[in-house]
Structure formats: C-alpha cells, structure tokens
Amino acid sequence: MSGLAATGFDLMLCALILGAALAAIAVRDLFGAVVFFIVYGVFVALAWLRLEAIDVALTEAALGAGLTGVLMIGAVSRLERLTSRDQDQDAAGPQSPPTSSAARIATMVGAAGIGGGLAWGFITLPPSAGLQLAVAENLAASGVENPVTAVLLNFRGWDTLLESIVLLAALIALWSLARDQDWGRRPGLRQHARPGGVMATFGRLLPPFGFLLGVYLVWTGSAQPGGAFQGGTVLAAVWLLVMMAGLKAAPRVSSTRLRWALIAGPLLFIGVGLAGAVAGTFLGLPTAYAKPLILTIEAGLTLSIAATLALLVLGAPMAGDGLGPDQPDKEPAR
Amino acid sequence: MLAIVALVTLPLVAALMAVVVERRGEWIALLSVIGVVIALSVLMPLVATDGPVDLVIGGWQAPLGITLRADGLALAFAGMAALVMAAVLVSARTLYGASPSEAETRGQWAFWPLALLLWGALNVAFLSRDLFNLYVALELLTVAAVALVAIEGKRESLAAALRYLMFALMGSLAYLLGAALLYAGHGTLDIGLLAARDIGDASGATGSRRASDIMAAGLMTAGLAVKTALFPFHAWLAPAHAGAPAPASAILSALVPKASFVILLRLWFEALPGLTTPALLATLGGLGAAAVFYGSVLALRQNRLKLIIAYSTVAQIGYLFLVFPLAGGDSYAQPWAAGAWTGVIFQALSHGLAKAAMFLCAGVWIIAVGNDRLSGMRGLASATPMTMSAFGIAGVALVALPPSGGFTAKYLMLTAAFASGQTIWAVVLLLGGLLSAAYLYRPLAMAFSRDDDATFAPVPRSLQVAPLLLALAAILLGLGSQAPFSLIQTGRPAAAAEGLE
Amino acid sequence: MIASATLFGLCGAALIGLGLYGFVVQAHLLRRLIAFNIIGSGIFLLFGASGARDQLASTDPVAQALIITGIVVALAATAFGVGLVLAFAKVTGQTHLPEESDARQRPLKAGLPDRSVQTIVKDPAG
Amino acid sequence: MNGVVGPTLPLAALIWPLLIGAFAALPPVRQHALRLLPLAPLPALWLAIVGVDGLTLAPDLLLGVTLGAAGPAALLFALTATLWFAAALHAQGSMANTQKPAVFTGFWCLTLAGNLGVFLAQDVATFYVAFAAVSLSAYFLVVHEATPAALHAGRVYAVLAILGEVCLLLAFVIGATVAGSVLIVDIRAALPTTPLAVMTTVLLVGGFGIKAGLMPLHVWLPLAHPAAPTPASAVLSGAIVKAGIIGLMVFLPIGTGVGPVLVVMGFFTAFAGALVGLRVRAPKAILAYSTISQIGLVIALVGTAIETQAADMATVAYYAFHHGLAKGALFLGVAVFAASGGRWRISVLIMLGLVALSVAGAPMTGGGLTKMAAKPGLGKAAELALTLSAVTTTLVLAWFLHRLSAGTTPSKDDGARPSWLVTLPTLALGLAAVGLPWWMWGEWSGMPADYPLRLASLWSAVWPVALGLALAGAMAATRWRAGTRDQADPLWWTRSIARATAPLRTVPRQMAGWRGAVANQLQAAARVAATRIVDAADTAERTVLAWRISGLTVLAAVLIVVALIGMA
Amino acid sequence: MTALLPVLILLTSLIPAAITFFLAQDSKRLRIALNLGGAVLKLGLIVFMLAEVAQGTVHETRLEFAPGLYLLLRVDALSLLFVSLSAFLWLLTTVYAIAYLRDGPELSRFFGFFSLCVAATTGIALSGTLISFFIFFELLTLSTWPLVVHKQNAKSIAAGRSYLSYALPSGAMLLVAIVWLESAVGPVEFARPVDFGPLDRTSQQVIFALFIAGLGAKAALIPLHGWLPAAMAAPAPVSALLHAVAVVKAGAFGVMRVVLDVYGLERMTDLGLALPLSVLAALTILWGSARALQQDEIKKRLAFSTVSQVSYIILGIALASPFAVIGGLAHLVHQGLMKITLFFCAGIFDERADIRRIDQLDGIGAHMPWTSVCFSLGAIGMIGLPPTAGFVTKIYLGIGAVQADALWVLAVLGASTLLNAAYFLPMLYRIWFLQPTAATTEGAKPNERPLGLIAPAVITAFASIAVGLLAASAFSPLALATQIAERQYLR
C-alpha cells in the first residue's frame, strides 16, 4: 500500500475501532454492546496486522474477540434469565440508575486528561527504545525462529509460566464460585442442542478441521506466527463446539483426568525449569535442546490452555439451568 | 540460587498438586511451608552476610530476561509471609481439611490451591525485578485474593469480591500502563536498569523529565496505591477482608496489600527516585496520615470484630506511606532515612504478623460464638484464654507498645521524624497509636467482661495455638530486632545505614 | 503522512480514555468488564504502537510477547469476573453492586454495620 | 550499728516503759496489766535520784538520739517520774476494775516514755518524737472512760494536739536548717540570727502553748483533764503540761523580744483562767482551770527569764516543780475524797486545803517559797501581778474545795476509808508539795535561807491569800452562785461560728455540682464532636464505597500525582 | 556474673510469669511454689548484688535491638533502692495475694501478670537508658491492666479503661520526650551526663514538660491522677501493687531518673523548672488530701491519699536542695511500706468482714485487732507522726524546703499533715472507739487468718515504724537515700 492510502486506511480503522468501542460502552442494549465489543475485537486484530504483529493479531482475534465474545454472550443470556425474576423485588430494577451528571462530567474530564496525557507521553517518546536488536542477537540461541515465541517461551519464559498459572487460577477461582451442592457436577449449563440441528451438524463437521488448525498453529509457532495460546484457543473453541452441540458432555470438575490435563502444561513448564535449575540455570534451555524442549512445553501448555479456556467459557459447575433455588439433585455428585 | 527457585516455585507447584490430589490439600500445603522455610533459612543468613543474591532466569540477563533478586526487603517480607502462611494453613485445617472418608467439597478443594497460588504470587512480587513480571504476579495475586473473598458464596462476600475486583482491575491496568510506558521510553523493564538511567534526574542519562515517565509514575503510583488500599482508595478493603473466612482474611489483610507496597517502594526508592518532588512526598505522607485517622475512626465505629480489624488495616497501611516524606526525596541521603525506611518495613512486618493473628483469633471466636458481633464476645476471655492472649499480644504489636516489632518500627520512624524536623509525622504516629489502642480496647474489654450465662462452642486447641504463635512472633520481632534489622538493611537502595550509629 | 504506529498509539490512548470513562461511570458489572477489556486493548495498542515506531525493524517482539501475555491475563480476569457477576446475580438478582443503586439515600445492605453512630458514641463498650 | 555511747540509764529510762507497755499487750497479762504501771517509771526515778553526767548518744535511732539531763530539766524530770509513780500507785486503787486495762497500760507507758523523753532530749528529733508520744498517746488516757464527754474532749484534744505537732514540726525544721544541727542548744542559739526568727517563734509558742494550755489555746484542757480517769488527770495536769513548759524553756530564743509577749499572755492566762474556773462547778474542771492559771504564771516567768536572759531558769523550774506535785495531789485527792466517808472527809478536805494554800502561795508552804523565789527576777508590775494572782488562785481553789465538799455525794458508809493505795500517794504528793521546796530552797532559789521567814516576805505572801479567803467568805456569805455550768465549755464560741457559717457548708457541694455540670457539658460537647467526626467518616465511607466515586478518585489521583511530579 | 546478675534478677519474675500463664487453674501448689520461689530468689539475688555493689562492682547488661535502640540494664544505687523495695514488697504481696485470692477464678492469669508486673518494675529499676526505661514502663502498663480488670465486672472494666486512657497517652508523651531528646543528643544513658548542647532552652523545657506529663499519669500527678481512685475496683493485692510496689512508684522513680540523671538538679533549676514542678507536686499533695477527705470508701480514700503521698517524692526532688532530695528518695521506700500496709489491711477488712465503707469500720478494732493495729500504724505513718517513716520524710522535706528558700512548702507540709490527720484519724476513731454496728457484729466473728493474710501486713507495719525509728542507722532507707544523693546527685 502506498503511504497515503495506508494512512487513510489506518485512519479509517482507527475511527472504526473508536466507534465500535464507543458503541460497546454507550449502547443501551447490553446484547448490542457485547456485539459491538466483538466487532471491536476484530477491528483491533486488524490493527495488529497493520502493526505487523501477526502473533498479537492472532491472539487478539482468538482470545480478545472470540473467546471473550462467547463468554460475554453467554453471560448476557444467563443474566437476562437471572435478573428477570427479581425485577419486582428491587424498585431500582436491574438497570442501575444513572450516575449524576456532575460525576459523569468529572469522570469524563479525568478520563480525557489521562488519555491526553498518554497521547502527549506517547508523542514525546524518544525514537526507539525497544529490544528488537537484543532479541535478534540472541534469537539463534533461543532454539526457535519466531522471535515472539523466543521471547515467550525462552527469554521471558517465566512470565509465560506465570501467565499459564494465572489462567489456571482464574479457572479455580471460577469454580470456587459454585454452590456447595453443585460441587462435583459438570461445569456450565447442560446443553440441549436439537439433534440434527445446525449446531449439531457444525459440531460434527468442524472439529476435525479445527483440531488440525490448532495443532498446526502450535507447531508453526516456533518459526512463524502462532503458538501455544493461539493454538490452544482454537482447540478450546473446537471442544466448546463439541460440548455445545451436545455431542459430548463437559467433564465433571472432579474428574482426575481433567485436572491433570489442566495442570499438565504449567507443571511440565516448571519441571523443565527445575531441571534447568538443578543443571545450573532456572528455566534455562540449553541451545542444543531448546527447540525440542520448547515444543514439549508448548504441547503441554496447549493441552492445558485449551482445556482451561474452554472451561473458563463454560463457567462454574452448576445444576440444571443454574437458576436455583436448589433443585432436586438429579445427577449423583460423583 | 536453588533456594530462590524454591521460594517462588514451591508454592506454585504445591498449588498445582493441590488441584489434582484430592483431599490432601493441607498436607501439600504443609510440605510447601516446610520447603519454603528451609529455603528461607538458607537464604536469609546468606543474604545478611553476603548481600543480595540474584537469580537470572533462563540465564538471560536483563533487559532481555527477568531477574529475581533476594535482597533484605524481599526476604523480610517473604519470611513474614511464610510465617503467616504457616499459621494460616494450620488454622485452615479445621475449616478446609478433608477427612479421607468423605466426599470432597468445594471449599476443601478450592481453598488450598488458591491460598498457595496467592503465596506464590506474593513471593514473586517480593523478589522480582521486572516490572511486567510483577504485573503478572499482581494479577495472579488479585485473582486468587478475590476468589478467597468470594469463597463463602454469600451475598455480602460476593458483593465485596466484585467491588474488590473493580478496584484491583483498575489498579492493575494503571500499573500495566505505567510499565508499558516505561518500557516504551527506556527499553527495559528491569528495575535496576531503570535506576541506572537516572530517570528524572537532570544530570542523568535521559536528561530532563519526560512526559511518558511522568505519566508512568503517576499511573503506577495510583494503581499500586489502589491495590495497597491507601486512603481514599481503601473502600474495598473492609467488606472484603471482613467477608472472607478467617484464614483467608488473615492472608488478605496481612500479606496482600504488602505486595503492592513493596513494588511501590521499589518504584520510588529504586527505579524512579529522581522523579520525586517534595509536594508528591508530602501528599503521599498526608494520605497515609489521613488513612491512619480515618481508618481508626471507622474502626471505632464498627460493632463487628472483623470489621474493626479490617479498618485497622486501613489505618495501619497509612503508616507505611510515611516512608515517603521521611526517607524519600531530599531525605533520601540523610542519616535518618535508613531509620525511617527500616522502621516502615518493620511496621509492615509487625502489622502483617499481628493482623494475621487477630483474624485467626476472630476465626476462633466465630467458631465459639457463631458470629463476630462485639456484643457476643462477653466471657470469651475465660472461655478461650489462649486466643485472648493472642489477641492481646497482637494488639500490643499493633498499638506499637514495647517490646513489639511495632514499637521498634514506631521508634525508628519517630526518631526519623524528629531528626528530620518533620514533627508532624510524629504526631500522626502517636495519635494513631492511641487511636488504635482505643479501637482495640473495645473488643478486648468486651471479651474480658464476665458473662456467666454465655455458652460457647468448643474450639480445638490446635486452632488456638496458631494465632498465639503469630502474635508472639510479632513481639519477637521487636525483642530480636537486631537480626531483621541488619537483614532489611541488606541491599537497601541508599547507603545511609550509618546514619543511626 | 503520519506513521501507522503513531496513529494506533494515539488511538490506544483514546481507547484508554474511553474505556476508563465507561469503567468508572457504568454501574452494570458486565459493562464494566467490557470497558475493562477496552482499556486493556487500548493499553496493548499503545504499547504495541510504541514498539512499532521504528520503521527499520519489525514490531518489537518483546512488546508483542508481553501483549500476548497481557491478553491472556485479561481474558483470565474477565472470565473470572463474568463468573463472579453471574454468581452475584444468581444470589441477588442484581447486576450492579448494592451501594451503586443509590449511594446517598439508601442504607447499605452489605458490608457495613447497621447500628447508628449515635448509639455507638453513647455506648462505647456496647 | 554504733550502739549507745555514754551512760545508758537515760535511754533505759525511756525504753523501759515501752517494754512494759508492750508486755501488757500479751494475752495472759492483759487483764492484770494495771499492776505493771508502777514499774514503768522506776528507772526514771532511779535516774532522778542518782543523776548522770554527760550525754547519751544513740546514733542509729531516729535521726541520731542525744539524751542528757541537767538543771531545770532534771528537776522537771524528777517531778515527772515522781508524779507518774504516785499516779500509778493511785491507779492500783482507783482504777482496779476499769475496762481495757491493757490498752490503758500500754498508752500510759507510751505517754510516760514521751513525757520523760521531752526532758531528756537534747536533739530536736528526739524531742519531737517524745513530744508527739506524750501529746498523742495522752489522747487515749483522755478518752479511756469512753463516755460521750470523754470522747468529745478527746476529739478536741486530738485536733489541737495535731495542730500543735504541725506547728512544732515546722518550727523544728526551720530551726534545724538554720542551725545546721539537730541539737537543741544549737537551734536556740541560731534562731535569732535568721530572718525567720519571728515566724519560728510564733510557731514554737503556738505549738508549746497548746500543750501547756496558754490562753487562748487552752480550750482542750478544761475538757480533757476532768474527763480522764483521776490518775491520768493528775499526770495530765501535773506532768504532761510541763512538756509544753520545757519546750518553751529550752527552745525560745533569747533576745528576740518574745519575752514581754509571753509575760503578758501568761498573766492574762493566769487571771482569766482562774476567773473562768469560778464559772464551772465540777471539781476536776475547776482544778483544770486552776492548772491553766498556774501554767500562765509559769509562762509569764519563762517570758521574764527570756527577757532578762536568765538562761538557766532555775526559779521557773522550781515553781513548776511545786505546782506539779501540788496539782497532782489535788487531782488524786478528788478521788480520795470521793471514796471517803464521814470524818475521813474532813481530814482529806483539810489536807487538800493545805495543798491548795500551798498552791496559792500561802506563807510557809512550798508554794509560798517557790513564788517568793520567782519574784526577784520580775519587774515591778509583774511582781504585783504575781502577788495578785494569789488572790484569784485562792479564790478558785476555795471554790474548788467548796464544790468538792458540796458537790460530791458522800459515801453511804460513814466510816468508809479509802484504800491506802489511793491515799498514800496522794498524801505523799501533798506533803512533798508543801515540804520539799523548803529542802530545795537553797539550791534553787538562789536566795538566803532565811528569806522566807522574813516578815516582809511573809506579809507579801499572807495578804493576797487572806484577801482571797475573805473574798471567798464573802461569796459564800452572799450565796453568790459562781458556777453556772457543771462542766467547762470553752468551745461555746465555735457553735456560734458554726451557726453563722452554716450556709457556707453547702458551698463544697455546690462547687462539686458545678464541677459536675461543667464536666457534663464538656463531655457532652466531646460526645457531639466525636459523633460529628464519626458521622463524617461514615458518610465518606458510604460515598467512596461506590466504585463510581472511588474510580473517579483514582483517575483524579493519577492526574494529581502527574501534576505533582510534573510541577518540579 | 556482673553481666548476668541483672538479667537473672529479671528472670526470677519473668520465668515464673511465663510458666504460670500455662498452668491449669487447679495446679495450685506449683503456682504458689513458682511465685514464692521467684520472689525469694529475687530477694536473695538482690541482697547478693547489694553486697557486690558495695564492693564497687558495676553490673551492666546490654541487649541490642537495632542501632540506637538497645536495652541496657545497669545497676546503680538508685536502682538498688527501688529494686530492693519492690522485691521485698513483692514477696509480701505474693504471700498476701495467695492467701487473699485462694481459690478465686483465673488464678494462673492473675499470677502470671502479677509476676510480669514485677518483672517490669524490676526492669524499670534496673534500666540504664531512657529507652530501656520506657520499654519496661509500657510493659508495666500492659501487665497491670489484666490485674486491674481481674474481677471482670463492669466496675473493674471501667477502671481498666480509665487506667489505660491515662497510661497510654502519657506513655506516648514519654516516648515523644525520649525520642525528641535522643534524636538531638543521641542515646541517653543514665550513667553518662547528657550533652544538651544541640537543644535550645525552650526545647529543653518543653521536653521536660513532656517527660513530666509522660510520667505524671503513673505518678498520679494532678490532673493525671484520675485513674488511681478508679483502680480501687481491683482486688486488694493489686491495689497494693499499684500503690506501693509498682505502678505509682514507677512513675515517681521515672521523675527521679529524669530530674536527677537526665537533666540533673542544676540544669533543672537553671531552666526554671524546679518551681513549676514543685508547685505541681504541692498542688497534688493538697488536692489529693482534700479529695481523700470527701471519700466514703476506704480504698478510695487510701487511693487519694496515695495521690497526695507520692507527690512528696516528687516535691523532694523538685526542691532540689540536699535534704529535700534525700527526703524524696527515702519517701520512695517509706510511702511504699506505709501504703502497702494500709491496702493489705483494707483488703482484709473487705475480704474478711465485708467492710468497704468507712462507716462500716465502727468498732472493728475489737474484732480484728491485728488488722486494726496495722492499719492504725500505717495511718499514723501517713500523717507523719513520729517515730514512723512518714515523720522522717516530712522532717527532711521541711528542712529541704527551708534550704531551698521555699517556705511556702512548709505551709503545704503543715496543711497536708492536718488534712492527713483529718481523714485518717476519724477512721481510727471509728475503729477503736465506736461501738460496732449491728451489721458488723452479726454473723460469725471476722477472722484474720490465714497467716498469709495478716502476716504481711504486720511485717510492713512494723517495718514502717522501724525505718522511722532506726532512720539514722547505716542500713535504713534514709541512710541509703543519703548516700545515693550525696554520691551521685549533690556534687
């Protein structure tokens, strides 16, 4: 693209992003807001492409727009059912009253001030201070060709390890929100897809392709954009689809196999790290073995990430439609 | 080296194992406690004698890689955290320990990994030198902490957890933004490398103050202050800490705010000292002072024990921010700065131990009485003497009476206040101490009142031991403050330790 | 001609401002989570753009890696947040915190004690 | 411990009674404790007889005790020992069935020790201790009968005794400080040199004056002396008042101008005391007033001696010696008379009359001698006053005898004879009073041996007594009722004051009320303030609890911190 | 040994305290053995130390906390005076308390804090620096509170609150004074003269005022005395402890340390502080006595009497003349002996005959002769009648006042004596001369046994006479006070 066209495109994209964001925040209808938010995610992913950050774009599309969107849509529909019953109980209603205009304006000023300050700070940044060169110099020793993967799995592997644990922590936290009597059940609502319906058909058709895509993304991540998170997200999406289509029930939270799957990646990662520590360097990957080690870690991470992400979308274990009051326990606890 | 690795990974590995191994959470936790204690007992003397120890993760030096550094500050807090966790984990056994014969319950499963993850995150937050890594640790901490607040699943605790989440997310975002800006401006996230760039110092490598640096500093300070629950960003704290089950409250109140505070300390005393201005330092100190008074007044107003303790945390956190006017800026290189700095850390440590003890006491009494209303506490002194003493001793530390660690802290800070001529902070310290005595007196006197009709549920003795030991530790911190003192001095940013001679 | 990096950086700044406003003003908890995500991606955009200003090299891989990590962390927080909102709604039927239904007139339901101040001052031991 | 240096007898004389007193507290002894009384003064008597030379030092005791007896003090010491011994014997008879004998004995001994101590003490601390002992323990002798009158008298006595103690303590403290020594002689010498001399002297006169019954500080005396059991009355009037006298004698600084004041006060007391004595009817009360009167004379003599710088005061002691014996005899005689019947009454009355004449200073009696010995040092006016005092003394003692014979219910048994235990000591004292001064004349008066027998001397002694007797006779003839009240009421004026000041008594209560009101107001204000503060904090808390507000605060905080950093 | 001895002396009460806390309520013998053993051992060690100190040995123990913050135990003559007194009285009070409380509730807690309290007092006595003093001073506050509220009824809880609400703020002021001073002049050791160079005159005065305010609450100087009468809600042994052994004494002792060792008499006078301090003490003396006169309850009257009496000590120090200082020092011991006697007796009256108000005392002398005699002796001493201990003090203070040219003090002393007489003598009168009321006589005859109850009272009563009678001997408190004053403070 020529410079001018590119700038024009960029300008338009920025406008779209801002518009979508504004809509996601300001639209009255909650469902609409979520839709705009998903759209916004897609636009942002485009922006990452424009910034030549393919890995980020992939992640943003898969996680930021995709999974978060699914999560939000699911939440909206569940909230509608949960709050409709209580409308009469609270005079204020489920819709919160508006903030006073003074506070609104003050917040606006504050937010604008911060935004402006950031813009100012951004513009006055010195030319470049990134670590591109340092990464490039050390890339050879990292065992992979994709610099992003090198950073993620090797240079700053400690961050990634913690990050995978954060994901797991979120799942544990989510599950801990279940009601006591629901413990041991399957996460999320039970799905009732019509056999032979669209959902069921998709559920049968898509998984093989999705599975292939996911594995490919992981595999290619060492050299090209892609990696455990992106691949894991695709796999999670596949699994979700299968479960939503009613083809396979979600595993029970008490399932030992499931739990091992959840911790496999982080545990493997730490294991490699500790082995390195015993050998002299915590999380040190000797150049010679770096690539297989990274691939092994990625494999484990992918498994755990996929499982964790899917379950995060499903939510805490609950009985029936999750609407309480306590229903008779139809399923045995274990 | 291995010890540092053990310090940060053991709780995490234990958490992972607690996910998969059913109904053994407490034993796994116990093993990790033992491991961490061993690691600490290796590290502490080493660091105290040889100076800070670095762990360069993956062999990648900053700026490319991440470094963990065990300096005095980090180890002091890690040590305190280990003590508190040990006590809490012992106490939590009655609440969340499973008997092998019964089916696993939600709480029994969720508590252990969450607590252990929180611990791991804490240790990382204390040790890490990388601003982004600290962000990840803070997020891990937040998720685990919020989940612990919500773990009882009651209406109030869910509301408290949500509120906490809002504040915490805001804090994280602000911090993250600041870290991103610093990276964008300086190409590194490492605290030491940032310090080497003399940011904000006109004579330094980067010249005068940059807009991005100023924004970063503002955002990170505000964000960390929110997470530390500095007045007036404290609103989340009391309902959250009071709503959680007692062992969780102990962790939340004693440890969680300390992580962000340590980062704040590192930020201003190590990474960005050149950016300080007298007005900023005075403002931070002023907010701290306001927190002391405000938290105390609200603690006086409460009629539930846990709320009193929680608001006391709001007040006690206020003291910590006196470090900025007393040891920051122009005081940085003054002889009294070392005292102020060390005093504040003592205060944090002492508060951690004492506060954890108090929440555990509250837990004992909730078991005995059924709730934590003050009016129900009559007669508890006779029914649970051990817990009573624990509460009293912890109170001594909190009020900063000798010979507790709190007193050492207060003494050092007072001396700094007088030496620097900033007597106003001395007034804050003293009035704050008196106010804390006032609000702690109420439950104490209530428990001491005789009520011959009161009947209490029996509380296992093992549950009563833990708070007593913690409270005694807070006293020991004062009695044996020589060792921690020299430890804290290790790796202290400014070489002003000789100031107190 | 403005470099795309600059544009998207400024766009990120604007998003942050926008998101902050939504995050603070809106009472609906789910909307806050949306706003949270908008702030997050704004930050990432700003961050990524700052790493892409140098036209010679590609976008800073370290920044990219950090952003990816950040996105995952944000997702984790969002998922847990959604779960919390749902659990809260399930118990209360509300999608906003009790104090934000009307902060000034209604007594607080959660978290704060119910006794009036006068009785406390009069009866400090009580 | 350095033990005791010098003769131990003086110390023993003081400690022995204490031991006796302690011994009396032993349970088996208690009921018969009274029997011990005569033992108590024995070492003192021995000391009085043999005398010792030099000073006794007991440096460990108190602030370092120094004892010694010489000159007038030794004479008064002898008097005291004698009197206590006689009274003790008398008590065997008159108090045989008294209540709480052990308590009485104990305090008797304590008082005795103190009384002896004041004469022996050479240092101010010992003197003060002894003085306090005699002064305060005597309280128990006064209230021993536990009648309402006795208790009332005790209260008055206690108040004044304590007041006197305080005066003396302050005076001694000043004295010891300015002298830089605790020895009485040093203090006396040093006092005139200090600007505090006047104040100290006033304190001394006040303190000793109370004890001695100097008007107007005498109010306790007419209440207390009659209220005590008779033997106690005897020692009170005869010996204990001398504690005040010896104090005045040894402490008052020479040459400070206090002499004339004392002379005036003394003579006033002498006349006023006697005249007031005519207004009461109880024999012992009359005697008490007589004591006041006589002591007034002694004080006047002391004043004269100070004025004329006659430091040894031998004549004063001589006079006081006689008065002690005589007054002891008279008091004891009251009991003897009460126990007698018929003819015995007459004999007793005659004997008492003789002693009374001696007190009045009739010629050829001991009293007459001592008065004669005292006169030469006096100025003209004082001499006349002394002479005239015999008139009033005669009058009051005549009134005493009259009241005794008229006011005492005769014993049913006409031939009742008082026990020898009662009679003998009384008789001995009386005889000693009349006779001993003769024997001592040469040594103590400093005048020729024939002086008492000279006509001028006789005449000057006779006419006042005669005049007094004549007046008495006239009064009897006219049936002028002298006394109107049975008992003395020297405190009548306090009741008027009490009535007048009655409204003031509510002042403390009102003040307390005001104080309470102010405190309440303050408390209420503090409470309101506290409420306001807490309310404000509470409102603030509710406000910031809403994330919309807190979030805004955070945004503001970011900008503020940025501004604070950026400003520099 | 020289470094160990002070620590050992501390431990003789710390260790029993630590163990006692964990004893079961019914392990009575062990508790008694521990407490008595500790007390006897402590007394023995002190006697041993007295001998050593007489030979010129310096006992000093140092415990570092942090730079500038260390605990220094150092034995000087003043320490010895106080520590001997407290050790002696502690032994007696322990005996008394064992007999008094017998089978009451929460005995382990009681005796634990009891020992802790004495440990703190010992620490105060042995402290060689201001900060060590402060640490033990606050420890004393803390360990006394549970004793004050021991009965756990509303009244004692209120008393406890009152106590803390005076003690804690004043402790804070003391801390300010110490830190302010030390931040200017460095750590203050009593054995070293303080160089006040860096401080201007006004600061010195303000710091002094802060010191007095900080110590004044414990020393019950007006207007900080309010807690003391309220604290009579505590059991009698605790009152004895508060009034004679520990708390009030600690305050007075602290004033001594500050005046004698930190500022020095000369500097205090130069700064113009002597007069205000002595006026304050004098006002306290008079006010305490006047208030005592208005009380109907025995212990309350005694409490106000303490308010008055303790200020004699401070008055003596404040007058700064040789005799006054000696008198003040000696009164530290004298007041302890006399007041503890009175509280012992008041406790026996309360415990054995249910007598708490003054009008219930009528005729009790006949029923409880020993108690009544001891009470009377104590009272006589308080009035300052010879030959009791109180007399010696009064005479010394009086002489000191004249030496200091402060004649108004004589008036104060006189007035105070009269007031003391006015509130003590009527009690004695009731005890000995009034007929018992029906309430006193009905029921069984009050019993003064066991021996543990009456013996301590008898011992202290006679001791208070003995120290007065033998004041001039070489081992009397007065002699000690004289030596201390002349050697250390009156150069």
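Labels for the chains are A, B, C, D and E, by order of writing; each one numbers its residues from 1.
Heads up, the rule we're going with is that a contact is a pair of C-beta atoms (placed from the backbone, for glycine too) under 8 Å apart; a residue touches a chain by one contact, two chains touch by 3 or more.
Just so it is clear, the model here is predicted, and its values are computed rather than measured.
S.K.: Which chains touch each other through the most C-beta pairs?
M.R.: A-C
S.K.: Which chain wins if you rank chains by how close their C-alpha centre is to the centre of all protein C-alpha atoms?
M.R.: That would be E.
S.K.: Could you work out which chain's C-alpha centre is the most distant one from the centre of chain A?
M.R.: Chain centre farthest from chain A's centre: D.
S.K.: Centroid from C-alpha atoms only, then distance chain B to chain D, rounded to Å. What do you get?
M.R.: 77
S.K.: Counting only Cα atoms for the centres, state how far chain C is from chain D in Å.
M.R.: Here chain C and chain D have centroids separated by 95 Å.
S.K.: At what distance in angstrom does the C-alpha mean of chain E lie from that of chain D?
M.R.: Each chain's C-alpha centroid was found; their separation is 36 Å.
S.K.: Using Cα averages as centroids, what's the distance between chain B and chain E in whole Å?
M.R.: Here chain B and chain E have centroids separated by 42 Å.
S.K.: I need the residues of chain A touching at least two other chains; which ones are they?
M.R.: Expected reply: 99, 103, 107, 110-111, 114, 117-118, 122, 125, 128, 130-131, 135, 155-156, 159, 163, 166, 169-170, 173, 177.
S.K.: So which bits of chain D are touching at least two other chains?
M.R.: Residues 534, 538, 541, 545-549, 551-552, 555, 558-559, 562 of chain D each touch two or more of the other chains.
S.K.: Would you give the residues of chain E that are in contact with at least 2 other chains, written as numbers and ranges?
M.R.: In chain E, the residues touching two or more other chains are 157, 161.
S.K.: What residues on chain D touch chain B, complex-wise?
M.R.: Residues 533-534, 537-538, 540-541, 544-547, 550-551, 553-554, 557-562, 564-568 of chain D touch chain B in their complex.
S.K.: Report the residues of chain B in contact with chain D in the complex, numbered from low to high.
M.R.: Residues 163, 166-167, 170-171, 174, 200, 209, 214-215, 217-219, 221-222, 225-226, 232-236, 239, 275-277, 279-280, 283, 294, 297-298, 300-301.
S.K.: Which of the residues in chain E end up touching chain D in this complex?
M.R.: Per the stated touch rule, the residues are 294, 323, 383-387, 391-392, 394-395, 398-399, 401-403, 407, 410, 413-414, 417-418, 421, 425, 429, 433, 468-474.
S.K.: Which residues of chain C touch chain A in their complex?
M.R.: Per the stated touch rule, the residues are 1-2, 4-22, 24-28, 30-31, 33-35, 37-38, 41-42, 44-46, 48-54, 57-69, 71-80, 82-87, 89-90, 92-96, 100-102.
S.K.: Any idea which chain B residues touch chain E in the complex?
M.R.: Spelled out, the residues of chain B in touch with chain E are 336, 339, 342, 381-382, 385, 389, 396, 399, 401-403, 407-408, 410-412, 414-415, 418-419, 426, 430, 433-434, 437, 441, 445, 448-450, 478-482, 485, 500-501.
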